[in-house]
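Got a structure here, written out as C-alpha cells. Questions coming.
Chain nomenclature is as follows: A, B, C, D, E and F, assigned in order of appearance, with residue numbering initiated at 1 for each chain independently.
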C-alpha cells in the first residue's frame, strides 16, 4: 500500500484556481495535494534577439521555489548567481511543453513569459507547474484575443503532466514527496489533450527497469493526464 | 482627495492569516489592500560564524518578489548574482526591526530565518512584511516554547511598520502604489507595541521637507501602528 | 563625557580641500577629523538608458573604501562580485542627496558621476562624503559653466550631512567610530543650505527611542549642518 | 534515406581508444563518427561533504566542449560563471548513468571524477561520452584493484548510451548533427550490458509522438547499445 | 645533468600536426614532448566594438586546460566565473605574440579567434601554444586567401616561443615540468622568424639573476626558436 | 626630445612619504611625477591555507585604481566580479617582487597584505607601487621588530622598479602616460638594492626589438633603480 493510501492509479486532490494575480494577463494557482504552485503568464513586447525579424513569437518559462516551500529551508537561489541545474532543467521542460501546443507564427512577434513559483512543495512540482501554466497561458491568449491582438487559433491543444514511479515493485501514479523518495524508478510524462507524448523522462533510481515496466508507467500516465485535461476544461467553462 | 479615496489617517484593509505553510515553524500571509506578502519563520540550528560561542541567537530576514508581483514583469533576481541594493536594504531593515524586540540571549545559539516573499505588490511591501513577519516569528517562538526549547520571555514586544507621505501637500498614512509614485515625501516608520521608535527613514522625493512636516508624519504613523498592533493581538487571541 | 572630549554639539575639525585631482572636472578631499574621503565629479556624455530622450541629466554616485581605511583590513569588494548592501545603501543615499539640489533639466542630457573613496575611516564616512561631494559637483558644474555647457542655475542649493546619536543618554553631534560603536541610537541627517530636510535615517541600536529624542537629534543636526554649509561657502570664496 | 546514407539501425563507425592520458588513472578517446570525446577518470581522496562518514564512495562527472568543437565557434563557458543549463543536464546524466553500475559501498570513501571533453562535435556527444566514460571508469577501478584499494566487484555491469529519433517519419539510430537538427523526435537511451533501462529522455521537437513510436525507438536503442557493449568488451580484451 | 637527460640547448621532441579539426578554418595539434596543445583558428565576422569602423581586424586568443591535463586534477575554471589570473596572462601573451606578425589593416574588419586548449601538460604550455597557434592562424589566413578574402601578405613573419631557465646554476632550454619546478630562474621568449624579440618575461624564483645570466638565456632562446621556426616551415611545405 | 622634456635617463620627480595611514602597520604615499600610489602594509594572523603548518609566512599584494585616477573615468572593478586580467597581472608582480627580498621563514606563520591603490595615474603605476610598497613593508616589519615579533633580518634587501621604453628610436627611462602610449617597446624592470634582477617584462608594441636594444634598456633601468633605492634609504634615515 502507498504511504498516501491512494490506489495505484489515483491522483491527489487537484484544484486549479484562475485569476489569482491582479497584474498578470493570465494566472493560476494549481494544487496537487500539498504541492502548491503559483503560475503567471506575462505578455511582453518583442522576442529574444535570436528570433527577431522572423515573424514568430516565443513562450518561455521560469521556475522558482520560496525558500521554505520545502521541509527544511533551502538557500535562496539569488545568492548563487544562476539558477541551479535542477531549476534550469525544469524551466526548460516547462517552456518546451507549452511551446508544443502553441502556434508561434500565429502569436506574432511577442513573448509570453510564464513564471511558476512553488509556494509549498510535496513532490511533483514540475508536473503541477506545467498543468497550471497551461491555464495561465490560455488566459493570457484569451486576454489578447479580446483585444484583437491574436485570433482564437494560437493555442492548438491542452498540455498537462504527471509523474509515475515504481514503488515497492508496483507502478503508481502522481508520487508525493514520501513516495518519490522511496521509489525505485521515477518518470515524468507530458502529454497533449489528444494523447500525444510531448516529453518523457525516466530514471532508474535504484535498479534498472525493463521495457515492460516503462509501458506500465506510460499507461498510468495516459489515464492521469486525461483526468487533468478534464479538470482544465472544467476550469474554463 | 487621495486616489484611494481614503481619509488621510486611514489604513487600507489589513488581514493577517497565520499558519499558511505546512512546513514552516511560523507563517503569516499579510495583506495591506492589494499588497500581499507571504512570511515564514524557519528555525535553524546554529548561528552565523561571527556569533558562534557567544551564547546568543540571531534573527535574520530575506525578502523577495515574484517576477509578476509588479505591474510589469520584473527580471528574476537569481540571474543577477546578488540581491539588488533595494532588496538588501529591505531585508536588513526587516531583520533589524525584528531583532529590536527579541531577547537574543534568551533565544540561545539558534537562528530564526524570516522569509518575506511578495506575491502581489501595490506599495508598502516592506511595512507589510515587517508587520506580518512579527506574527510568523511569534508563532515560531511559540512552537519552540511548546517544545521547551525556550521559555515565554524571548519576545519582548510587538513590532509593526507603516509608511506615510506628503501627497499634494497633505500628510497621509499607508500609501498605495499610485499615491507613493506621486508623493513629495515618503517615510517609513517602525515602532514597537509600547510606542518606541525602532527605525525611521524619510526621503524628500521632490522638494525638501520641514521639521514640522516630519512631526506630522510621525503622528500619523503612531496612530497607524497602534491599529496594526491591535490587529496582531487579535490574530493570536 | 564623550570619548572625544568634544561638547555634545561640537563637530570634529573639518577641512575641505578642492582641486585634488589632475583629471577630474571637480574634486575635493574632505576630512571630518580622522575620516578622510576623496571625492571626484566626472562629466560623462549621455545618460542611463532609462532616461534617454527626456532632455534631462542625471547625477549618480559610487562609494568605496580602501582595504586598510579601517582599523582591521577589509576584504577588497572587487572579489565579491557586487558592492555590499551597505555600500549600495550609501551610494544611493549620496546620489539622492545631491540630486535634491540639482536642476536636472538645466543640466541637459549628461551624467555627472560622483566617486567617494574613503582613504581613512573613523566614523561618519557617508556624511563626510556627501559634504565633500557637493563641492566636487559644484566645481564640475562651474567647469561646465565656463565652457558654456550650462548656465549658472543648475545648482539650486547647498547640501551637507551629519550624524547624531544618543551616547550614554545624551544626544551628541558628529559621532566618531568609538562613539558610534557605543551609541544607543544612530541617525543621519541630510539637509540643504536653506534648512530643508532631504533625508533622515534613524535606527535604534539598543532600546527604541522616543519622539522627543528624535527632535533633540534633529536640533543638533540643524546646527551642525549650518556650520558645514558655512565651511562649503568659505571654500569657494 | 538518411543524410548519412546509413541504414535506419546502423551506428556510425565507433572507436574506443584507451590510455590516452599520461596522468589520469583511466582514460578513453571515444569516436562516434565525427563526434570525438576525450574521457578521463580521476581518483580523488575523500567524498563530497554531504556523504562524509557514510562509508560509501561517489562517482561524479563534468562535461565540457572546446570552443571550436562546433561548426561555429561557441563562447567559452568560463566567462559566464557557471555551466549552462544544457551542460549541467548532461553532466548530471553522465554521473547518474555511471553510478547505476557501480557498487558505491565497495568503492569506499573515495570519489572518482569523470571528465568528458568534446574535442569535436557532430551530434550525440552525451551518448558517446557515457559510452567512453565507462571505459575510463573501468580502467580507473582496475588501477585501484592492482593496488589493492578495491577488489574486482565494484563495477557491476557495462553501461552505454545511444540516441534515436524519428527522421522524416522513420525511426533511426544514432543521429548525427544533420539528422538531429531535422528530426521530429529525439530520444536518448542509457542501458546496461544486461539490457536494463537506466535512463530514457524523449522530446517531441515538432509534433507529439505516439506510444507505438516510443516503442520503436526503444527497440532500435536496445540493438545499438548491445553493439556498443560488445565494442567495450573488445576494447578490454 | 638535467632530469630529462637532454643537453642544455636541446629541445624536447616537437611535432606539429595540421588539420586536426573538421570545423575550424585552421588548426594544429602541437606537442613539445608530453605537453600537448590543441590549437584552432576561427574566423569571425566583425571586430570588438572598440575597434569598429577603423578598417582594421583583430586577432585574439583564449587558453584553457582540460581538468586532468595536469598531474592532479584541476578544478574546471567554468565554476569560478572568470579565467584565473594565470590563464588571462597567458591568453593575452598569445594574442600579443600573434598580432606582432599580422598586418591588421590587410586583414580587414574581421576577427580571428585562436583557442589553445591543453590536452596534456608537462611544462611549457604557453610556448607550445604560441608555436602551434601560429600554424593554425597561418592556415586560417590561407583559407581566406583561397576564397579571395585577403591577399597573401597579411602574415608578415613566423612567430614561435620557448622557455629557458637556470637549473642548478646552468642555463637550459625548454624546461619540462620537473625542471621548471626546480629552476632558480624561469624566462619565456617570443621571437619572430627574422630574430626580433616580441616578448620577454623573466622571473627570479629563488635568488635574483644577473644581466650576464639574462644574456645567456637569450642566446639559448634564439637557437631554440630558430629550430621551431624551421619545423613550422617544414609543416607547411 | 621626450614630450616630458626630460633627458633620456632622467626620472620624474619622486617623493616617498611614510606614515600616511592611521591604521596600517606600514604605509607610504609614493609619487612618480603625476602618478600617485597609496601603499599600506597590513599584518594579518595566519597564512593562506596551502601554506599552513610549514612555519613560513607570506607576503601578498592587491592593486586597485580609483575610478577617476585616469584621464577618463574607468568603471569600478567591483561591478565585474573579479579583478581584470591587467589588475591580476600587476598584483602578482608586486607580490613576487616583494617576496624576493623577504626571508619568509624568519617572518613566521603570518601574512603581510600590501595594498597599492592608485589615487592618480600618469604612467608607471606598477613600478611606483613596487617602490612605495617596499617602504610600507619595511615599516610593517619594523613595527613587528619593536614588538619582538621578528628580529631585524627578515628583510634581506631593497627592491624597486622602473619602466623603460624605446621612444622614437631612443631608449628612455621612466615613461609617463604620453610617452608610454607612443613608445615602440615597453619594458618593466624590478631589481634589488644590490643590483640583481628580480623580474623583467618587455613587450614590442610595434616592431620587434633587438637583443642590443634590450641591453640598452637594461642599462637605463640599472641607473634608475639605483637612484630609487637611494631615495628609499633617505626616507628611512
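Just so it is clear, a residue touches a chain if its C-beta (ideal position, glycine included) is under 8 Å from a C-beta of that chain, and two chains touch if they have at least 3 such contacts.
On a predicted model such as this, the values are computed, not experimentally measured, just so you know.
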| item | value |
| --- | --- |
| Chain pair equivalent in interface to E-F, over half of contacts matched, among A-B, A-D or D-E | A-D |
| Length of the line joining the C-alpha centres of chain C and chain D, rounded to whole Å | 59 |
| For chain C paired with chain F, centre-to-centre distance based on mean C-alpha positions, whole Å | 33 |
| Per-residue overlap in chain E, given as positions that touch at least 2 other chains | 81-83 |
| Chain ring listed from chain C, with chain F in second place | C, F, E, D, A, B |
| Chain F residues touching chain E - in the complex, by the definition given at the top | 81-83, 85, 88-89, 92, 96, 100, 187, 191-192, 194, 196-204, 207-211, 214-215, 218, 222 |
| Complex interface listing, chain F residues touching chain C | 21-24, 27, 34, 38, 40, 42, 44, 62, 64, 66-71, 73, 76-83, 87, 113, 115, 117, 119-120, 122 |
